[in-house]
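The structure under discussion appears below in the form of structure tokens.
A, B and C are the chain letters, set down in written order, and residue numbers restart from 1 in every chain.
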């Protein structure tokens, strides 16, 4: 602790501080959830094209076996999370509330335990490391699900000076990253070493919000002087976990409009992703499970659970229990996570939390009865990218989407701050998404 | 049955009702001050204005077949603001006409809350000002109040004498006449700050308005930028013009206008730099109208004029987006 | 039937002020008393009928490129006639209407009807059109003047040269209604009401 300098930083423009509600699961250490009877594994758990299935109905697959092959640059491999038999390949509801192709596996047979020896990775070449990350199907686990091998494979003409570890976890309710930092600090530090070697960077920043102070101190104990990792305490502010805001907060640099973080010499990665990278490089372990915060006032046993990818929500509910019928189930945090329509919706690589809201909590948000904009300018004040959400929502309301480019609609990060503060309950982000899809279609 | 909606799934508790309720609470000190200084008649003026506003809003929304949103409290605020802008001895039909005009024409015919270009209460006030100029410019101060009669709920006629407002005295007879009227300069400042001068019922007590304003700041309903920049501009400009700046900011409707009317959400610019331009413009217009026009007071007119400029300010003054090199709007227009 | 239509269309369906929104300038300026409104209406109607007849008669001889100057010459002739007649026989009205009588020359209703109607139609139809439009204009300006006078002065004046009456209305006069803002407010609200009902019909 003594040899680590901790500086408090944040980004200045915008941001909100909604009630954190992290105490529900703050002290619950990571536990394993029982294996699901049936895993519904979506072929599209990442940003790019869906993976191509390489198994047929009736095949027997083992845990960790490749079942979906990546298709194109921004795609990623998909692996079976349990041992069993493929019973169906077809469309099922996923987090985005549209049916997309999934592989359904019925649990059958033995489960192998992972090899516990700790191999040495220092002899691996850059290509080999990237190959292993790619083969394990690692994607960004903070929510965006950007394939990690693509992110870490920086083009040779770009120079990367900084690697930023994202431990901000700014979404209310979620504590999965916090628990990871508390329980696996060594693993995370090792993961950082791997990525440091891969990117050939000198300086690493590790940003953690101040409401997770124990994690900050815990990590500090596991750092050595020569690691050259600087811990940064961040003021609690949503959306600090967003790449652009984190870079602004830590480096005080702005990613150019339409650009990527390495345009300012930085690469940002989430702690859960770093943990997955370490498992992939050391043990060649594919992403078949992840830590998910199961939370909400109506959950009987809330906590941070290690859940297999593809576990349907109904299985999660059966294991954690609910005290009353949920009115709304959200995958991820309440600010950006989508609410689902079906209890068969599976947990995917990008699911950081499952939040159950009761009827009473659900009623507080009334987007269906939104009213006229009263120009209070609260949305302008909270917008972390200095947009004018008020004008954008008016343009969206009158369906004059062409006008929206004048207000830099494409720079919106859809964080939902404007929606959160709008006193008229206007669905501003929805208007912006509509405008974006219209403009993209128009080209 | 699972419900689904767009994210975010949590919401700030500060909705329209919250803001309007807090503005109404913040106006209570000024209301109490008006009753203290001008008797029960002031209370009746305020009650009648609020009732007119609520009635007009309900009727208009029923007539236009819109959802009746009178419970959000914005109509009551308009009514109370109109009453605050009335001289104490005004006939009761004047605030009724002003409120009804503000609500029906300026607010509802333009599309309801959020669509009005001008502040409804101020248009109402300016309308009746030109409609019944003699009534609107006769100022009364209570005559050695008999406290029992003063606070008797049915004693609606004010025992008073006609007296010019300090601003009018300053304009017509000069500062020295004003100082001799109050005894000393300190006394003038003190009585102006407390509210014991002639003027509209809600505007005289700067102390009461400040209490309400700080309540609003603490509740984060309004931001202090516009009011303070406005007041400072007036002080600086009056000082440059050789007038007494402290007297100018403590008299007339400057505080009421700055804290409760220039901060109206709907009719003020949205960006920070826009509000600075707006506030400086307000101060400039107020000083010009006070010192160089035929009228002793100019707060209402300057706020209305700047209301009219607000859409232009919002269009011209933009903030640089994150990650953009230049300010927006240039390359598209 | 169609002739009847030519006559009546100007009164409500194509009322020059509320529907075509022409001739607003004199409407706003002189509608402070009912009698001024009627006087302005009659004067404009006379010019309108005269110019419509004349332009319709000579419409085939006017070269297309210089038709507007030709129309103006015709209209100006009739306006001068009206100006002199009013000055000679109805002095108070002439004084009250002032500059707005010569300005009838550029009144959009008259120029508009000449261009849009009389320039293309027969003499008889043009007369009917002019009468209809004139009545429509007179009615509209009188209605506005009625509202403004009642609210602004508390009277209804139908008196000229000692003939006619003046009624007192028990209203506390609002000075602003006889000032320009009152005219804009009145015409705006009237147009709003009319448009509200027009949209309902659709």
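One rule holds in what follows: a contact is a pair of C-beta atoms (placed from the backbone, for glycine too) under 8 Å apart; a residue touches a chain by one contact, two chains touch by 3 or more.
Predicted, not measured: the structure shown is a model, and the values here were computed from it.
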{"item": "Chain-level touch network, classified as line, ring, star, complete or other", "value": "line"}
{"item": "Pair exhibiting more inter-chain C-beta contacts, A-B or B-C", "value": "A-B"}
{"item": "Distance between the centres, which are taken as Cα means, of subunit C and subunit A, whole angstrom", "value": "71"}
{"item": "Between subunit B and subunit A, distance of the C-alpha-averaged centres to the nearest whole Å", "value": "48"}
{"item": "Chain centre separation in whole Å, for subunit C relative to subunit B (CA means)", "value": "41"}
{"item": "Shared interface positions of subunit C, touching two or more other chains", "value": "none"}
{"item": "In subunit B, residues with contacts to at least two other chains", "value": "none"}
{"item": "Contact set on subunit B toward subunit A in their complex", "value": "2-16, 18-19, 69, 111-115, 265-271, 318-325, 328-329, 332-333"}
{"item": "List of subunit B residues in touch with subunit C within their complex", "value": "93, 97, 105, 109, 127-128, 130-133"}
{"item": "Residues on subunit A engaged by subunit B in the complex (per definition of touch)", "value": "13, 16, 18-19, 97, 172, 244, 248, 254-259, 326-330, 334-343, 355, 357, 362, 364-365, 367-368, 371-378, 380, 384-388, 390, 405-408, 411, 416, 419-421, 423-425, 427, 429-430"}
{"item": "Residues on subunit C engaged by subunit B in the complex (per definition of touch)", "value": "172, 174-177, 179, 181, 185, 189, 192"}
